[in-house]
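The first chain written gets the first letter, and so on, giving A, B, C, D, E and F; residue counts start at 1 in each chain.
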Amino acid sequence: MYELTVRDQMMIAHSFTGTVFGPAQKLHGATYVVDVTFYREALDADGLIVDIGAARSTLASVLGEFNLTNLDDHESLAGHNTTTEFMAKVVFDRLHQAIAEGRLGPTARDLQRMRVTLAESPVAWAGYEAAL
Amino acid sequence: MYELTVRDQMMIAHSFTGTVFGPAQKLHGATYVVDVTFYREALDADGLIVDIGAARSTLASVLGEFNLTNLDDHESLAGHNTTTEFMAKVVFDRLHQAIAEGRLGPTARDLQRMRVTLAESPVAWAGYEAAL
Amino acid sequence: MYELTVRDQMMIAHSFTGTVFGPAQKLHGATYVVDVTFYREALDADGLIVDIGAARSTLASVLGEFNLTNLDDHESLAGHNTTTEFMAKVVFDRLHQAIAEGRLGPTARDLQRMRVTLAESPVAWAGYEAAL
Amino acid sequence: MYELTVRDQMMIAHSFTGTVFGPAQKLHGATYVVDVTFYREALDADGLIVDIGAARSTLASVLGEFNLTNLDDHESLAGHNTTTEFMAKVVFDRLHQAIAEGRLGPTARDLQRMRVTLAESPVAWAGYEAAL
Amino acid sequence: MYELTVRDQMMIAHSFTGTVFGPAQKLHGATYVVDVTFYREALDADGLIVDIGAARSTLASVLGEFNLTNLDDHESLAGHNTTTEFMAKVVFDRLHQAIAEGRLGPTARDLQRMRVTLAESPVAWAGYEAAL
Amino acid sequence: MYELTVRDQMMIAHSFTGTVFGPAQKLHGATYVVDVTFYREALDADGLIVDIGAARSTLASVLGEFNLTNLDDHESLAGHNTTTEFMAKVVFDRLHQAIAEGRLGPTARDLQRMRVTLAESPVAWAGYEAAL
């Protein structure tokens, strides 16, 4: 299996609901370093997994919805704790939709799996991975 | 599949038995940067894979058994070369037991897999991964 | 000149005032990876620059004032843009006071310089350095 | 499953064919940070996945074929775009052959899987993984 | 003294002249991870060392002259070995000129020092630092 | 001022004397990631700060005296706590002597400053810097 990863980041504010979160129930924030890995069994005719330029710009576009905002204000996230693992799935779903819409190019429809990880600090990160 | 990783470290002395180890047969030491990844299919009701505070403190407790010691002096490790890969399995087993004892909280019993890696330097690391 | 650095982190929300900040005028957040470097000409009698345990716990205490909070709510920061460079100076000043109060141990009073850097992402960081 | 990773690097020039590559069609270059992960179900009698010394020297030998050269000049690569993902497979195949030839020691024949990743920058890397 | 660093990268081909370079006399390449640090004694009225958006875009523009090219083909570099340390000075000079031209904003003229480092691999980097 | 840094590592055991060290009074160990920075005002005729090959091999030779040993057994270190900051000075002195002996090449005698840092973990490092 081949794999390609691109990295970007976003800076957000948020708060959590539930006593398990302790002081993180208050409004605070995070820099999320976001890695997206694309998997496919064979390379395309150009020797590529996916057009890396399209992958980068689409990831930047997906993160742009959240970057420099307060996640508590996003209607599409309402009713959820925007934990690192939850946000990894949100980014995964946005990118999955982008692939379906052809925004990563026609050959991206041959991708078999995708993995998204968000590092909230040098000592903690979370992710979501699934078949496409 | 969702995943969450936490990082900690320990500083140990040890020596190896066997000519394959060359100069590492003598007493030397290592800083192990320890990453533990927890995997589960679905998030819990709080949007979490595992209580990150419990995960961190349990990992610190497990590493505390070995940190700032000479592994050659541990009866529980006697008769084994405490290679990086061997120690990854030791930390895995200690954490597995902690999960069974409920030390990572009740929802941690729904974890499906776990992976432990120990980096002995920026150019070499080893790990152990298995279903729970 | 000898130097010793310890690293910790904090996760905060904040917003900025001024059109130069563009979208960062809205409430957002950051993980700051904080490095503090202590400088001195000669080691103490134990071969140390500073008691590393005291340095770590004091740094954690200083960051604890801000970690998991919204910097916009801190009275002591009111009237300032809490930029990364500004916050580096704030952490520097808090640590400077801690040294004066003897919280890093008596030999810490022989430190000659200190530098604090805050990394807001893998591609941007800022700091403040001065004689003590 | 146990895993062991060793890291090395190579510095190469190359150019690409195909309009999808844009300005990268011109001669340029890259430092590839190369990670090779070896997987096996059980440790050998010494507590090892593979002889790490043999793994390092064999990896260095494989990379030595390409390091400090222009990939466009290699006959064995002719007719291919030497993308990061393509080169990951090339390194994988060279190492696979080395294992078959016994260059990683006799117990290396019990390795089950191998993964090679090449990081072309801090924000992009690619790899190839397969059973052995 | 305050400091702010921004990071970017470029991927280049080049060759060296002189027996001291050994195999690096042949055409090869590198990814340079480029860090630029700006120093000033006091923050501006917004609490900034320099407009980080202008700093990033100017750095990208300077690196764009060299990124994805063969340095051996640049007339402005002819007659020089484009070593990592030499290229750090080239980037420094280009940024120095950009500051003088006001491309980093009017307050950037109050910068006191600048440092440019180029990392050619995780185990080697070089830089140039001077007063402005 | 120009600067060049090369990185290597060593893995050692040691113990400390003095109650300030707490549990680190017992035998333990560390991986030290060692960075050596060479400074000079002008490049040599080849465009270099120092012959990087000679710098690497000399550093490896210096670290080879300590790598995979117990520092408590070295007569040359007897009577000292081999703290990270102390060992930085030891490596500095060994390299200083190597430069004086011409082991880094004749132009290395024009180096103005040198800095050695030893990272004992991702959250703590120490160093020594001085004019040559």
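Heads up, the rule we're going with is that a residue touches a chain if its C-beta (ideal position, glycine included) is under 8 Å from a C-beta of that chain, and two chains touch if they have at least 3 such contacts.
Nothing here was measured: the structure is a model prediction, and the numbers come from that model.
Trainee: Taking touch as defined above, what minimum step count separates chain D and chain F?
Mentor: The least step count works out to 2.
Trainee: Return the chains shared as contacts by chain B and chain E, ordered by label.
Mentor: D, F
Trainee: Which of these pairs, C-F, B-F or A-B, matches D-E in more than half of the residue pairs in contact?
Mentor: Of the listed options, the interface copy of D-E is B-F.
Trainee: If more than half of the interface residue numbers appear on both sides, call it same; otherwise different. Which is it for chain A and chain B?
Mentor: Counting shared over all numbers used gives less than one half: different.
Trainee: Using mean CA coordinates as chain centres, what's the gap between chain A and chain E in Å?
Mentor: That gives a centre separation of 31 Å.
Trainee: Where the CA atoms of chain E average out and where those of chain F average out, how many Å apart are those spots?
Mentor: 27
Trainee: Just give me the whole-number Å value for how far the CA centre of chain C lies from that of chain D.
Mentor: Measuring from centre to centre gives 41 Å for this pair.
Trainee: What parts of chain C, by residue number, touch at least two of the other chains?
Mentor: Residues 7, 122-123.
Trainee: Residue numbers of chain E touching chain C in their complex, please.
Mentor: 1-8, 43, 46-49, 51-53
Trainee: Hey, which residues of chain F end up touching chain B in the complex?
Mentor: 7, 9, 11-14, 23-24, 26-31, 33, 67-70, 120-123
Trainee: Could you list, by residue number, the parts of chain B that touch chain D in their complex?
Mentor: 16, 18, 20-22, 80-86, 88-89, 117, 122-130
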